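Note sheet for the following structure.
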Amino acid sequence: MIGPSGFAVKSVTRADAASVAELAKHGVATIHEAMGRVGLLDTYMRPIYPGAKACGTAVTILAHPGDNWMLHVAAEMLERGDVAVLGTSSNNTDGMFGELLATSFRARGALGLVTDAGCRDVAELRDMGFPVWSKAIHAKGTVKATIGSVNTPIMCAGALVHPGDVVVADDDGVVIVPKLQAARVAAAAAARDAKEAGTRKRLAAGELGLDVYGMRDSLAKAGLKYFEDEAALLRERSK
Amino acid sequence: MIGPSGFAVKSVTRADAASVAELAKHGVATIHEAMGRVGLLDTYMRPIYPGAKACGTAVTILAHPGDNWMLHVAAEMLERGDVAVLGTSSNNTDGMFGELLATSFRARGALGLVTDAGCRDVAELRDMGFPVWSKAIHAKGTVKATIGSVNTPIMCAGALVHPGDVVVADDDGVVIVPKLQAARVAAAAAARDAKEAGTRKRLAAGELGLDVYGMRDSLAKAGLKYFEDEAALLRERSK
Amino acid sequence: MIGPSGFAVKSVTRADAASVAELAKHGVATIHEAMGRVGLLDTYMRPIYPGAKACGTAVTILAHPGDNWMLHVAAEMLERGDVAVLGTSSNNTDGMFGELLATSFRARGALGLVTDAGCRDVAELRDMGFPVWSKAIHAKGTVKATIGSVNTPIMCAGALVHPGDVVVADDDGVVIVPKLQAARVAAAAAARDAKEAGTRKRLAAGELGLDVYGMRDSLAKAGLKYFEDEAALLRERSK
Amino acid sequence: MIGPSGFAVKSVTRADAASVAELAKHGVATIHEAMGRVGLLDTYMRPIYPGAKACGTAVTILAHPGDNWMLHVAAEMLERGDVAVLGTSSNNTDGMFGELLATSFRARGALGLVTDAGCRDVAELRDMGFPVWSKAIHAKGTVKATIGSVNTPIMCAGALVHPGDVVVADDDGVVIVPKLQAARVAAAAAARDAKEAGTRKRLAAGELGLDVYGMRDSLAKAGLKYFEDEAALLRERSK
Amino acid sequence: MIGPSGFAVKSVTRADAASVAELAKHGVATIHEAMGRVGLLDTYMRPIYPGAKACGTAVTILAHPGDNWMLHVAAEMLERGDVAVLGTSSNNTDGMFGELLATSFRARGALGLVTDAGCRDVAELRDMGFPVWSKAIHAKGTVKATIGSVNTPIMCAGALVHPGDVVVADDDGVVIVPKLQAARVAAAAAARDAKEAGTRKRLAAGELGLDVYGMRDSLAKAGLKYFEDEAALLRERSK
Amino acid sequence: MIGPSGFAVKSVTRADAASVAELAKHGVATIHEAMGRVGLLDTYMRPIYPGAKACGTAVTILAHPGDNWMLHVAAEMLERGDVAVLGTSSNNTDGMFGELLATSFRARGALGLVTDAGCRDVAELRDMGFPVWSKAIHAKGTVKATIGSVNTPIMCAGALVHPGDVVVADDDGVVIVPKLQAARVAAAAAARDAKEAGTRKRLAAGELGLDVYGMRDSLAKAGLKYFEDEAALLRERSK
């Protein structure tokens, strides 16, 4: 159902608030692991300033290259706790979003934007503390000539995003948690972070991961050979 | 007249000081819009540290890959309020510019550098507060073997730059204002910023861009259809 | 001898401590120049936060795409003052390294990591002050399924690295100093920095590099022609 | 349901044969237009030799970087008329597919491969006439260490592909037609090609698209101004 | 005067026919050298099939991303012997041009297209023998919503192109010869090719470029040292 | 010993002729596997025309960006059966090599060139049948101003190349076989090709790789689960 332009859906089912609140406590890497190592956007999707962080429910936008019209349509659908997510019909890095739209989005309750295009006014956005993850930073202006869609499934940076899915974004990138899996993933992330706390202590005390995780046997089975020094390796390899 | 190497022009006509002073008050995005959405350098041209900002008149440099000789020739032509702009005869990311040249440029009155090549000593340049926009950051050293030109028209990151043009650069990128248009663009940028102040207030108060800009009719004419919820959209699409 | 997987060397000869201590006083650009303009990693190798700096002896790691198993093997070989350097058998940007491994590496005495793959948990690493230079930042998790090697020669971002070589890394990138050349390069870097101090003073006082470095004659021999202004250049070119 | 590894589905519903046969008569560009300008894989997905063409039903493969194990699992699921489509869990360009696997795939009835990774043995594949669309050509070998999935939904070059969808690929790239839309899109593509035949004749006879498509009024409304020559434009712009 | 959209110039001054005819006899590399090593488009501008070649006068087009409207406007301005050259207001790889437009362009007398965007229907274009140089090949369709300009100066792949300039394109890329320099460059290219014929014979006979071009002295002055074998080099370097 | 410029070594030890002759019978992929999956140049290194193939001993060249002087120095060192291999001191795509140099190289007995820079005159090189593998195709001319080295170890596209090593290149890319390993690798490649002939027959007859290679048990141990159809998978996953 990803698809043709021309549709704006006013009301969508969003992930439940409790799951979103729990997911907000964890990082993108942890949540991605807790989902089974899926759900990440591509590596080019980066925050416009260090320390940016957002966790909310997706309002999705399909836009066309060089055209930011649908961002204004989307503003009306934004509710408190949403994160806008914009996909494009073809590759584009124009500065579709800036400080005025951020002012509007914030007034509507939005927590941030993830955009598969460019962003501008980044100094002002940093001062406002309005986080954006984008493909590029560029001042290039856009037109309002071609309609797209709002709140239909979109592709964004290689991931499929449905309206209402949970969007978690930080310095490590962006992960999408499907709304139906939100509760399960939130619980798994919490469990994972709890477990890592114990591991961290052991590693900080100087224990090796080889022992903490019990890897020595499997490494040996996989064929890893240890040598005391470089001379020993050379002797082995010249046999 | 873009062209062969070997020419150094000592004195060039610069944009008038009043226009430069006015342009310095506005951001790259605003000025680019005020020019009619032209004049930007490519998106890969980025500041070496956040918050960098410069507005001045261009001293142009044509350099060859891996060779920074002409930067020393250009130092002599720099006057108070200039921004050096370097184009290359072919793609190159070597660190053609660093802290020593920045010391020299600053002593001559220059406000910054825009270079279609690499930059190095970025920690020192950040400490000095000498802003540079570059294609890359790399420690790679250069030779002084082949002559280019100074103060002839150059191509830099996809834009044509004449000596004396106004260079405005900030976190959003770099825009070139031709010297003959400087006064007109400065006035248009000021008008644009003034107008946006009013819009900002309305958006911050929760008004929608759809209403502030009066977009509802044109969206309807363009064929945008609204649906109350996802179920309504599915019913429509399965007809 | 770069090569097949399956070898872990426990003890390697490291560059002498005095040379490493001297190299730590100089920047990557200076050291690269002092070596004769060689030894740099490619321009895509960037610090995960501004101001990162490390100088230490290399423990080398050969890893496979999407697999961070060997980082745990390497932890056991790390000694105080080491910098881990990871090369991959093919291009990969997965987040092979994060806060838990950094905790372990630091406990073992390591000063940082240079990795030809991705890094994650960058907010936590910034807070810890554990510097990493990487090809990408991405939350993508990895498996532990295929063995590589530790402390054998590797390729990393276009450079050959032997275990025990000196790794110097800062905002300008990363340079590798072969262990046998460490003393000579350290001395040359010190000499170069001393000489630049004098040059810096003269340039700061407004002297031109043309005069400080005595370039005017060679520029003239190379054919550079000076013109008083643009009109003079036009007259010459229309002859 | 895109997702975790470890699942191999033996039998999937495929698009109906009549629709596939009709789609095979049309090019990727026509089909993409007939779908409403959606369904394309990213521009980096290119045929390994000019003139490659394939149209069939998708057997989908999720593989991990540097690991081609699941291609062997997929071979068993291939039926006459299938096109294998491989997505990866992270970016990778290793040569996961070559002449031996092509021999096996062809023996099973497959018509080609679309892979979001690398391909090798391209001279042999060209001689065999076995078409492959890939992200890269590289001889890099792979391991068989980590399991993925076969015949579950995958992401490939920015598109969502379900098993049984129609894959059409030619010199212009690759388009995915969801199996439920196959009949409708086939009819629309046929209609489009029929209509274009008439247009082609008129254009070949020297008629202008401006008149064939009736664009003159809308261009005027959009504000396009005509000038007799460059002097007229200059007069207008200097007013 | 590069600039805002909305202008279509019907009649432009073209380079003289004799110069164009002479330039058509020479390759892009030769002409680029004859101009003083300037005028080339960026390296990403590639022919859509091997052996493509075109030499003609430029009709320039400024288009917006994802919008091919102006190509239809340009068709009316094309005359026998023209090559259309398209620049975009921001980076875009959509398939703005295909077989129908090529049919129209050919009917108007055009010899080819150089486009800083995508091209599609490449199999058909290859069969027609209509050469195109493009940034990408992609089936992605475009809209007709925003006006640009025709026959005003444009930027294309990093070069400035004026209407009427000579466009020469072959397997090595694309070079733009300003119309006022066409005669001079044509003569220089002819002279260069004549001279190279003699050089080619000497090299084919086994003479070395070192002697044909007389480089031995300058190499020695530049400091090149010869060694009989690797052992001699090692002795020198270990001194 | 990779390093500073200024050295030209006249005579180097080359891999033995019998090994080179044997390696010439096998493809790059086979040889790379036979070496233990090492030795490949990066994926961007591509032949300038399809079907290019070369196998010979390396004469190595270190050149600087935009400068092809050392190619002339290297011509004198070329012997019958050599393949020239060029590395650069920093990234560059200029057309350092063309038809005149190819004429000279061929007259000296060289079989081809592998260059980590650009190539030009590709139509002429294709007609001559002189194969080149390069990073780019571009007409951009170069100067002869800065000396590099000939027949010293170089880095080329991420690989270390010593003079006299075997260079094997075809449509799949380029692999470097260290001269001391040439005999062993040649034998291993021959054995591998012989073994694959049997496998090919079985696969062509419709046998599955799963059975030919005996993978079913290891897949089961790794956790792969089979499902009869999509409904069965859905039942499992909704448990």
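Per-chain numbering from 1; labels A, B, C, D, E and F assigned in written order.
Following the convention adopted for this analysis, contacts are C-beta pairs under 8 Å (C-beta built on N, C-alpha and C of every residue); 3 or more make two chains touch, one makes a residue touch a chain.
This structure is a prediction, so every number in the text was calculated from the model and none was measured.
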Legend entry - Touching chain C and also chain D, the following chains: A, F
Legend entry - Common touching chains of chain F and chain B: C, E
Inset, instruction - Go through A-D and B-C and name the pair with more C-beta contacts between its chains. - result: B-C
Inset, instruction - Between chain B and chain E, tell me the centre distance in angstrom, where each centre is the average of that chain's C-alpha atoms. - result: 27
Legend entry - Centroid distance [mean C-alpha coordinates] between chain E and chain A, Å: 41
Inset, instruction - Please set out, as single numbers or ranges, the residues of chain A touching at least two other chains. - result: 37, 43, 89, 91, 93, 138, 140, 146
Legend entry - Chains that touch, pairwise: A-B, A-C, A-D, A-E, B-C, B-E, B-F, C-D, C-F, D-E, D-F, E-F
Legend entry - Residues of chain D touching chain A in the complex: 2-5, 35-38, 42-43, 89, 91, 155, 158-160
Inset, instruction - Going by the contact rule at the top, pick out the chain C residues touching chain A in the complex. - result: 1, 6-13, 49, 69, 72-73, 75-76, 93, 95, 98-101, 103-104, 106-108, 118, 120-124, 126, 136-141, 144, 146-147, 151-152, 163
Inset, instruction - Name, in rising order, each residue of chain B that touches chain A in their complex. - result: 27-29, 32-33, 37, 40, 43, 46, 50-51, 170-173, 175, 196, 199-200, 203-206, 208-210, 213, 215, 218-219, 222-230, 232-234, 237
Legend entry - Complex interface listing, chain D residues touching chain C: 64-67, 89-94, 138, 140, 143, 145-146
